[in-house]
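Labels run A, B, C and D following the written order; every chain starts at residue 1.
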Amino acid sequence: MEIKDPIHQSLEIDEREIPVLDSAAFQRLRLIKQLGFAEFAFPGATHNRYLHSLGVLHLSGLAFESIFRDYQFSSSDRRKNLKQVLRLGALLHDIGHGPLSHTTEEVMPSIKSLHVEAYKYRIFNFDENEKASHEDYSIKLVTDSSLTKILREQFPDIDPYYIACLIDKSLKSKDDFFIDGGLDFRNVLSQIVSSELDVDRMDYLERDAYFCGTSYGKFERSWLLSSLTYHIKDDKVNLALDRRALYTFDDFLLSRHHMYLMVYFHHKSIIYEEMLTRFLTSPDCKYFLPSEIEDYVKFNDYSLYEHLAQVDNPWARQITERRPYKMLFELHSVEETKRPEEIKKALGAEGIDVILSSSRARLSKYHSPNPHEKSLPIYVVDHLDAREQPIPIEQCTEIFLKYEETRRIERLYVSPEKYPLARKILVDRKL
Amino acid sequence: MEIKDPIHQSLEIDEREIPVLDSAAFQRLRLIKQLGFAEFAFPGATHNRYLHSLGVLHLSGLAFESIFRDYQFSSSDRRKNLKQVLRLGALLHDIGHGPLSHTTEEVMPSIKSLHVEAYKYRIFNFDENEKASHEDYSIKLVTDSSLTKILREQFPDIDPYYIACLIDKSLKSKDDFFIDGGLDFRNVLSQIVSSELDVDRMDYLERDAYFCGTSYGKFERSWLLSSLTYHIKDDKVNLALDRRALYTFDDFLLSRHHMYLMVYFHHKSIIYEEMLTRFLTSPDCKYFLPSEIEDYVKFNDYSLYEHLAQVDNPWARQITERRPYKMLFELHSVEETKRPEEIKKALGAEGIDVILSSSRARLSKYHSPNPHEKSLPIYVVDHLDAREQPIPIEQCTEIFLKYEETRRIERLYVSPEKYPLARKILVDRKL
Amino acid sequence: MEIKDPIHQSLEIDEREIPVLDSAAFQRLRLIKQLGFAEFAFPGATHNRYLHSLGVLHLSGLAFESIFRDYQFSSSDRRKNLKQVLRLGALLHDIGHGPLSHTTEEVMPSIKSLHVEAYKYRIFNFDENEKASHEDYSIKLVTDSSLTKILREQFPDIDPYYIACLIDKSLKSKDDFFIDGGLDFRNVLSQIVSSELDVDRMDYLERDAYFCGTSYGKFERSWLLSSLTYHIKDDKVNLALDRRALYTFDDFLLSRHHMYLMVYFHHKSIIYEEMLTRFLTSPDCKYFLPSEIEDYVKFNDYSLYEHLAQVDNPWARQITERRPYKMLFELHSVEETKRPEEIKKALGAEGIDVILSSSRARLSKYHSPNPHEKSLPIYVVDHLDAREQPIPIEQCTEIFLKYEETRRIERLYVSPEKYPLARKILVDRKL
Amino acid sequence: MEIKDPIHQSLEIDEREIPVLDSAAFQRLRLIKQLGFAEFAFPGATHNRYLHSLGVLHLSGLAFESIFRDYQFSSSDRRKNLKQVLRLGALLHDIGHGPLSHTTEEVMPSIKSLHVEAYKYRIFNFDENEKASHEDYSIKLVTDSSLTKILREQFPDIDPYYIACLIDKSLKSKDDFFIDGGLDFRNVLSQIVSSELDVDRMDYLERDAYFCGTSYGKFERSWLLSSLTYHIKDDKVNLALDRRALYTFDDFLLSRHHMYLMVYFHHKSIIYEEMLTRFLTSPDCKYFLPSEIEDYVKFNDYSLYEHLAQVDNPWARQITERRPYKMLFELHSVEETKRPEEIKKALGAEGIDVILSSSRARLSKYHSPNPHEKSLPIYVVDHLDAREQPIPIEQCTEIFLKYEETRRIERLYVSPEKYPLARKILVDRKL
């Protein structure tokens, strides 16, 4: 079956994948916007996670074919099998996403309440009393839900647990599923799904740019894809990049960075997220996400908007009636500053309610303290240089060093009614 | 204020227009998809009527500037005034659109129940007991609602009735509002909003093609716009086209025709419309559109989908669960045929429920029997030819003759469960 | 090897094809503009036949894979072999093109003087004393030149004669090269290279539109390609189209028709062709194309422009100095008319030199009287209809009937100096 | 007059500008490719400086309108006048460009031999015995050639010297031409033509990316243009940018940087430039650019290629026959290294001729030691911040610091015949 897509033209779906697409869990993604409130800044951005997930599926296949173009697996069946688990991992990488945006993770229950069996195979401990995130729902949906049944029927040779392994790097490989010819392919498959060079962002950058109508997210996709390769180290197959595409990689990282700064953190969508947070944390808020997985599937943007339209909470009403607080002040910097707090205090003293919003953007989480993120290096391979051995990408490009700082965006918003007064105070006192 | 748009890059909104955009009636268009169910065939088609309406506003200004580039109105204020009423007519041309698609017009109340005062100035009689259409709601919203109040405040020099005049050609001009220098400009302004060369379709063809990811709707917009001009006849100013763009006009008409055949009438969206019709005409259906205009504004795609998700009706459930009937048979022709009816009967005799859907596509309604459509000819002007006088466009191009027939698309759908049996009967009996 | 292309992103070239690309005969196409003088109307149209030919190569491979996606050839080697001959036929289909445009065919020698050995296998007689066309040079280059040697070295299993067979339908198959499993594949391969649905025009329409910056040439390429299939009749494999893409086919034909009318026949390029014709037919013209094939390869746009820059002929000088005659009058019609001739005569009587140019556009040569064009029907296959058998495409769409007429464009040009006088006469006398 | 352009759709040319476009000097730009040899790496890159110059003209007008959208000049005539001189400066900024690329500056005569009268008004001294550059020819063409005559006729109110002032910052303003209302507008007009934010690169980045088919050059043009403004300091009007577009500015600079690294410095075009240099510096080379300006106009890419095709020099022949040296080794770094020199020496010792090519890329010349470049700061204006005063852009963004280093690309090329041997030596000796 072919599905028409403005980004990749035609998406080829395998017969066995169709029941997965048709499942309630996956169809639900049609009702979850890819960029949540971004449509208030970029009205074209009404696209949903359904089409994005299909795009990721598509690109994961292209990445696989590019990386292993000349590689001989032990059999063509093994090749197909590993490619298929990758496609499913790519397709379902975000299946558990909550309504509208990450903001609704505020009202998720504890991880424990989800009863994710697969978590007993995690390689490190974690606190099950913590609030669940959309990833916990993803693992639950893949490994223990009505979708799991469909996956087992269509792909009897692929345990859904292994799909989950590509979504969650902390799950242990239980047997030799990812081994072929003595080599372990899990690293590279994981990295295609999620890494600094993953197909998730290859899809969403271009797609978000297309629907928003901006140029920031554009990068040289075909060159990047065709420059993907692999590097074997300690019997593990890792993702690698041909050195010829190293500037393309820089460009790709910067595209994403600029999308964050100019699109994802646009002040007009940020204020809606702040107002939603105020609603969700109001004492009278009755909106909660359920731990029962088949119930969860019924929660989506549409039902959340309808909930907001029907309750009496002032923040819900302001969202529904599109009467957002207005941006009064904005500060971009790489250093901490007390100025926003001080302005807020000064205005508060005059009886003006101020929403202070802080956004943090970093180019990369590559140097993050999170240990399991760090464990999967991407290598750079130079075919022309007779001396060089493949080395980790962060040793080849200075981009991580150049952009290691965290960029802070501090904003103050006030109600439209108070805006003229607040503005006057700001100017008069040179706050 | 600028609004970012993937089609026109940047849309310039005048300060006085912003409160109109911010009105509940206009913001509601964010919640009404431009193409209703088309996203089931083209998943990118999630765009809404809000952005389309802004695009039409934008193009109407460009068309005005192109047509009157060298024209001297009696004063620059009159020029601004006529341009402004045009922009508002363009912006609000579809403000009354019902949820999802024209299918919901099925559950609209009578025209009479809307109490449209403006209709007493209609140039011909009509039956007020007929069901209202989305156009009746548009006229009501413009001339007699909370939106009317906003229009009056922002544009004291433009009676909202005159905006309505550009949306509904059957409304009489009450005074000399459209007259300047002894010439009547209503024709050309009306034609920019609605005619074979209107900016509505200039926007939606390109926009729908963009979001669907197809090429059919593409045409040479900048050439067409810059070839627009006017022709004065009997003291009336009419829309005209420079002869140099006549093939571009053909191409534009054919673009739309092919969009109808390949996109708007796609079998996957048609079946959803048929299922919605079955729901709306079910005896147990409780979904009705209100005649009270401020209530009507609360009805949108989201609330309709939520309604469908909560009722027990089988058609509502099939829509909600995305389990459409499957296309069994399709016939395209320009002649009437009994074959679809016969197959339906044969399958019915075997206990198979069949949905028969008929779509009709015509290139143009230019030669339609509707008298007031006919009354506004578009002229063709040839600057190179010393002999020629401007003549109506249908005398200059053969495209209307070539495509005067009505194209019929007949389709039969059955439930997925019955599909194999139905297929077998079809093949075995060569139906 | 990959070659970057704005149309198809990345063109994959096989190792064995590289020496063909590197040959003098093929590199020469870099110096021949795809659209000749069109850059005087569309300054972006500086693209050359080199990149177009690579695009056709690329599309021919995609078409082959689409048509035979589920077909089992007798061996994978036969599959590769037939695909390879097709790719070469596509790559070299225009290798013999003369400088600038078809206008230079005016100064080609007789067919006889080219000594094309392959022509003794032609299925019908033709007059060898006639002037050669670019196609004769193509056949010569493929079958009897230094390029032939390269082809033989790289592809020992493909007689270059068979590449020629795909370019010239009148060449007899000498043995069973195109036969596999008892079926003859020559028809379908020929049709991919040249027919109403060939990859030549699939490439040039989109490419020309891109470089000119127009929308006319856009069509739904991916849908058309994926709807290609085959139909076997009398042991011959013919090109076929799935019925679902029939409107796409109409749209494709009309795209091309509108490109002819609006781009290829633009009055600003036509006048340059007319002036070049006047130069080439001047008694003092010393510019001739040689019959010796290795000499011919040295003739290109650059050397022609340099020739024009150096001779003393007035038409050559006007081309060089970009002082074209100016269009005075233009008439589009489907009927013959004497008006242009009469105007020309009247102006001539006043001592004004007039160039009268006639262009003829037809949608299709499908119904042409040329017998061997007619012999290769494209079939339409309807998978949904249990009754229908594949039938020739002209019986499935009315497009050929709708557009069977020949559209005539008659233009009169005069020198810029005489233009005001000529214009005055035209207007005064209402000519 | 409108000219069709794939980048800006339609370029509006004023009646008085047409004779400038039609001049021999300007038409010559049709015969000079924008990217010289880049078509050997990106075959779509056949676009010329003619269309680019028209694009710069177009953007200069948009920039002027954006910057001065609310500004009241002393009269509308002054406004028109200043806008017109800007458009002409933009149109003619590169009119003196030599054939093919900067490489041909090698064979330019001394500045003195050009007799540029305007240079007596230069603000600093320079050595007239130095070799001329394309800029010297530009100033000559504008101020003292047959083109000057046309400029004077069409624009009697604009001394061509003032057009030259916008191309060459070192020319003194002789009177109050750029003064209006006591303010000097030369800075901002100069900066629109040439600065870190000029319309030259706004046009070429997008255009080159389009014709090459890459994504690197894409940036948010409409946002950047609409964020342009001015800042008055010491009675001089300077170019300024709204702070909201500061990341867009970063993105714009990085776009250009990546175009240099991936496109302009592509190894396949660099080797052609090296071979051309070898030809031009050969003792037997007879190709020189003339100092007589009307002769110079006859030199273009076509005549250079024809010259190369006709001489006997081995480097000329290799260029003509497209047999470039092949890249053996490549090193990117920000530090100096001796490795390329050492490899060259080692291979030379084995009788292998090596071309060593060094390319240097810097993000910006903003911090360059060139004093008159430094004198024109671009300011950043923050409308939201009550405290901030406009400050120079290099104090607002860290991009210049992040990318202050010079990136070196060192490459070694050898003949195709020697390549295998050279490769072997490299690998065997781990050079």
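The rule is short, and it goes like this: contacts are C-beta pairs under 8 Å (C-beta built on N, C-alpha and C of every residue); 3 or more make two chains touch, one makes a residue touch a chain.
Treat the numbers as computed from the prediction; the structure is a model and nothing was measured.
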> By the touch rule set out at the top, what is the minimum number of steps from subunit A to subunit C?
Replying inline: 1
> If you average the Cα atoms per chain, which one ends up farthest from subunit B?
Replying inline: D
> Centre to centre, by mean C-alpha position, how many angstrom separate subunit B and subunit D?
Replying inline: 48
> Taking each chain's centre as the mean of its CA atoms, how far is subunit B from subunit C in angstrom?
Replying inline: 40
> Roughly how many whole angstrom separate the Cα centroids of subunit A and subunit B?
Replying inline: 37
>> Show the residues in subunit A shared as contacts by 2 or more other chains, in ascending order.
In response: 9, 214, 223
>> Quick check of your reading of the touch definition: is the inter-chain graph here a line, ring, star, complete or other?
In response: complete
>> Applying the document's contact rule, which stretches of subunit C touch subunit A when the two form their complex?
In response: 2, 9-10, 222-223, 226
> Tell me, which parts of subunit D touch subunit C in their complex?
Replying inline: 3-7, 9, 22, 24, 27, 30-31, 39, 41-44, 46-48, 50-51, 54, 210-214, 298, 302-303, 305-306, 309, 321-322
> What residues on subunit B touch subunit C, complex-wise?
Replying inline: 214-216, 218-221, 223, 246-248, 250-251, 254, 258, 261-262, 327-332, 334, 384-387, 398, 402-403, 426-427, 430-431
